[in-house]
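All chains are identified by letter, namely A, B, C and D, in their written order; residue positions are counted from 1 within each chain.
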Amino acid sequence: MLLNILIGFGVAFFGFVLQTSVAGVNRKIIARLQKRYGPKWYQEFLDIFKLLSKRATSHGWIFDFGVIMALGGIIATAMFMPLTNNIVAFAGYDNFFIFVYLIAVGMLGMAMSASGSGNPYASIGVMRALTTMLAYEVPFMVIVLTIIKLTGFSSLQAIAIAQQASGANWFLIALPLGGVVGIICLMGMLGKKPFETYIAPAEIASGPMVEYGGKQLGMLFIMHEITVFIEVSLFVHLFLGGAENIFIFLAKYFAVYTVVNLISNVNGRLKIDQVVKFYYKWPLIMAVTQAIIAIYFGWVI
Amino acid sequence: MMNSMSNVEFLKALMTQSFKLVETDVIDQYQVSFVLKQDDVHQALITLKNAGWIQMSYLSAIDWPDENKIELVYILMNWERPVHIQIRTKVDRNDPVMPSIINIYPGAKYYERECYEFFGVKFPGNPDYEKQLILEVWDDMPPLRKDFDPKAYSDKKFTKREYKEDYLVLSEQNNKKEKREERKTRAESLKGGQKI
Amino acid sequence: MKSTKFTPARKLSKEEVDRKWWEIGDFFRRNSLWMLMYCTGCCAIELPPAMTSAYDMERLGMGPMATPRQADILLISGYLSVKSLRRVIYTYEQMGEPKYVVGLGSCPINGGIYHDSHAVINQLDQYIPVDTYVAGCMPNTESVMNGFVDLMEQIRNKTANGWVKYKENYEWYKKNQKAALGEVIIHDEFHE
Amino acid sequence: MASIEILILILVASGILSYFLSKLNTTAGSILTIFSTMFVFASLAYYGFNDALVTTVNYLPGFSFEFTYLGAYFAIIVAFVYSMVSFFHPYFVEKYQYKNAYNMLFLLSLAGVLGAFFTDNFLQLFFFFELIVWTTMFLIPLGKSKSAAVSYFGFSAAGSFAMLFGIFVMFKEVGSFDITAGLASLSGTNAVLVFISFLIAGFAKLGVFPLHIWLPVAHGNAPHPFSPVLSGALVKLGAFVAVLALVRISPASSVISAISLPYAHYIVALLGSLSIVFGTLMAIREDDAKKLLAYSSMSHGGYIIVAFSLLDSVAFAGGFYHILAHALASAGAFMAIAAVARQTGTTKMSEMGGIIHKMPITYIVYLVAIISMAGIPPMGGFISKWLIFQAVIDKGLIFITIAVFFGSIGSFLYVFRPLAALFLGQEFPQFKKIKEAPILMLLPMIIITLLNIYTGVLPNAILGFINKINVEVGYAPMVIDSPAFTLTGYNGVLHPLLIAGIFGFGVVVAFIIFILLKKSRQVSLMDTYTAANFIHTEELLHYSVDFYAPLERLYEKYTTKMTDFYDGLANKVKELGKLAKYLFMSKYVEVAIFWIVAILAFLLWGEL
């Protein structure tokens, strides 16, 4: 049991390092896209450690407790995440719903702490974040329902192995509409443009982050990196057939994150009600069609 | 062209028949300036507003220390007849008082507050013309009066940076010298205000 | 025969440990400087070329930030009127330590062309400590970038300690602010 | 050895006693209420779990009881909520007019609940139903709103008369009022009739979609200590009747092959999911905290209906567990709001802010309650929602899935709003004086909080009891692995204890990181980022009015449709009443006599 916990913590730490480096590399890629030289690939590490080394301001105990709860919830979620077919901390218990709902604990903690800062911008940002969540979660859930119904498992590892067993027939290909919906919903989860309405630095002063500085902001950055790791690897396991070994995982992970990042960098920003309307129009329709085709008619490529 | 000229004519007719104008100045086809007695201003504004000059663009003021007057300029705009009107009147500089016009143009409220702040013109009838609007915690005479010396104020309030020696170096090459000389003469000639 | 007496490593005192940590922190701080741009004057126009592909500021790890809590540098770009000086002081006191101030243009240095205005202050470092000045009216972009590199050098040699000075000479700064502004925090109908 | 009859008699007696005791001293009556409810709950829980409740009848002629696990489960939950809420009485009852009647009605309604859950006879069930309806109908207006009581009574009466109709239809066919035997032996159109009429009764009590109007009105305007009972306990009565209908009756309706579910049950499930979506959307745009929670209990009633209409053992387990989890969660949330309302005097979220700095314990209680309500681990709501998801996904019900997940994500939105607007945010000057709630009010809230966590961490004991119910109503027990604390659904295994432990581990790690770093500087709430402007009033820095305005704008023009429909209906009924008044109560006696004779002739036409 202790060994499992250590493995899980290792997975979480690995996720943090991986995502931070990938994010740095992506910053350089985007810089080259804009004909700039770009920062060092380890710039994100520098930022985070710089923040941790600064002296922060605090608005009372809920402000700090929320941050701790957020980071703790996200670390706990990442500890359940399988990396490959055989690297998983708690085999069999990596239930899909854990990831969806245990992440929510972290989100709730961050929202609490942000509202506890007593800044209206923070509350507005939290409101937008929750509304965006309401928007992207439902189509995503319908697709995941289809996948679970087809495979018969809700454990990520089992789903990945099932895809590999069927001759690398990834659900991105087997359920084409669902794959598109998955990518769109992933962009919403990661808060990438055009769905980054709740950060909006020029508009509501970076939303929930408005009052943070120093170590609280640094911990929230760590939390954000681990959250991105969880969401991207969810996508990898659900739609890209997981990974036999760690290198395949790294390759798929990097590919997914870079593609999403490139798509997002040629987009503007939607208004929040436009986000809701968008998700409840095309992605939901596509998801439901895909589900009906796949479940009731059994047409799977 | 024709239309705008007719606008100016219409305007001059309107003003001359109802007020005795001290001076009328047609700047161009889109700008006319009337100088009125202080008592006629309200009546003139009402007339013009009824005639369609519904927008009070700005209330400006000019300080004339040597004739000891402050000139108020009400700038009006009409959106049907494209003519800017300047209603000018002069008030006494020692105790400048001008009844407020917020009953005619409510938007003038803040212009009057600003005018009080920068020129010290009092506007009885405007409930809070004495409240500070732009200058926060101002502690000196109205700063746009001509006899207000901003340099002295700045020296008094804001610490200056001391330099050990004056770094201004004038090169002695002739062409540069001539240039400087003629620039100086031109500046002198412009002092009086009349063009060369 | 040489004695093989074992000499234990000298125990580091607390100050030395703190200094080591501080140097490590300085490395991170000078490599990721986040700015809060208080675009008070015309010199702000020099920042877009500094940030975009001409002189890519991000390669130094610098970037714009939204709020004073997150920022390290308070960037005073251009002349500073009395009203905005109040806001600048309020913002500066909200920033988390360590914090640095960079003044762009000649106006923060000696008033520049506004040296005799009744509404513009002449010397910024009387009111808040300034770590780096970039002279020029307006300074061109190379010198702006150079100013930031200088700030990094100062952080490396621990000379960029304006925030310490501000804490030590707090009364002096407050006295200057009172003398120039009357009061810093304004109560009036627009702020209630 | 405790006999149900004895318990009911104890409740009635202590009710009457407390009436006179309250005349002398209100607090004494409230204390008596606390003790009697505690005693009833304790004996029910003890003997119920060891199924040693005696059902013999000695003193009440004509009454007969039987012990079913189903009834016992409901009865224990309801008695628990009653006993917890009764701790609030010493602080609230003085405020109300008819204060000495309050405790009596409270205890009588509990007696009615016990009878309703343990009876084996439909006429008694109806009798106890009416007892509950009448007692609570007199309790609700003490919150100073007559109209709330009227609408509550209207819907409840509709429900119970529908049930009476169903009972008679059943009696006509079966010839007995026995519950289990009677319902089991129904068939044909009668079965459909009874099914529908019982569902109407259940929906009306549970406040599910078409019959939900009374719920926010009654919950929102009921006395503060009675709202938890309404939402946590009495609403479950509807679930009880709905379970009777959905489980025991099998109306003749063909089965949809794709999802292996009868049409009738699928339609019921669709109604339940409609009520989930509707309640969520209405709760998101509600400004009164109590009404918000009322709408949330409407959407949770939808979850319960969906669970029971799936005809599936895991879904049943989820439904029963959801009844418990929602009872605890909503009781905790309502009690926290009641405590806040007692200290501040309002429940409007737009009028409050920064209560947390004065009432931290109440805040924690509310936080745990809403985490459970939103179905987030490690609280009870997650377990039940997980079980329901298992069944829904296993049957592949797409549209119900949309509703279920919409409700579960939307619940984040509406439960977070009181958190942000009421507890967090800027501290208003008028609330700088208030204190934390008194200890006797904190005690039950803390107990409920601990139970919320317990149900989320170690659900197996309770699920073991629920399995007995599953067997009783004729379904397979779901797989629970007691030593390893795991639950096995259709497509996955859940380990709540592990999740809770890992969550604790993560929090500990984060706490260590936090402690090791440099200590942060404490600043006041008003010293916040305002784009460098000097703001001196708290209200300007508190974002609480129209929290989700951009989202509300998308659907707010559709929100009044249902209420308009019911208002129209009410007007029709009024006109009918006017007509009858004109016909019979007119001052011309002969007209009335004429009409009565005419109607009698019409009725007797067949006989003559």
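The criterion applied here is as follows: a contact is a pair of C-beta atoms (placed from the backbone, for glycine too) under 8 Å apart; a residue touches a chain by one contact, two chains touch by 3 or more.
None of the values given here were measured: they were computed from a predicted structure.
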Chains in simultaneous contact with chain B and chain D: C
Label of the chain whose CA centroid is most distant from the centroid of chain B: D
Nearest-to-centre chain - CA centroid comparison: A
Cα-centroid distance, chain C relative to chain D, in whole angstrom: 59
Whole-Å separation of chain centres (CA-atom averages), chain A against chain D: 35
For chain B paired with chain C, centre-to-centre distance based on mean C-alpha positions, whole Å: 40
Overlap residues in chain A, where contacts from two or more other chains coincide: 53-57, 205, 210-211, 214
Set of chain C residues in contact with two or more other chains: 67-69, 86, 94, 96, 186
Contacts with two or more other chains, residues of chain D listed in rising order: 521, 529
Pairs of chains satisfying the touch condition: A-C, A-D, B-C, C-D
Chain A residues touching chain D - in the complex, by the definition given at the top: 5, 8-9, 52-60, 62, 64, 67-77, 79-80, 90, 92-93, 95-98, 101-102, 104-105, 107-108, 111-112, 115-121, 123-124, 126-128, 130-131, 133-134, 137-138, 141-142, 145, 148-149, 151-155, 205, 210-211, 214-216, 218-219, 271-273, 276-277, 284, 288, 291-292, 295-296
In the complex with chain C, residue positions of chain B that touch it: 131-132, 135-137, 139-140, 143, 148, 150-151, 153-154, 157-161
In the complex with chain C, residue positions of chain D that touch it: 521, 527, 529, 532-537
Interface residues, chain D side, partner chain A - complex: 258, 354, 356-357, 367, 371, 374-377, 382, 386, 389, 392-394, 396, 398-399, 401-402, 405-406, 409-410, 412-413, 416, 419-420, 424-427, 489-495, 498-499, 502-503, 505-511, 513-514, 517-526, 528-529, 531, 541-544, 547-548, 550-551, 553-554
Residues of chain C that touch chain A when the two form their complex: 24-25, 28-29, 31-32, 34, 52-53, 56, 58-59, 61, 65-72, 94-98
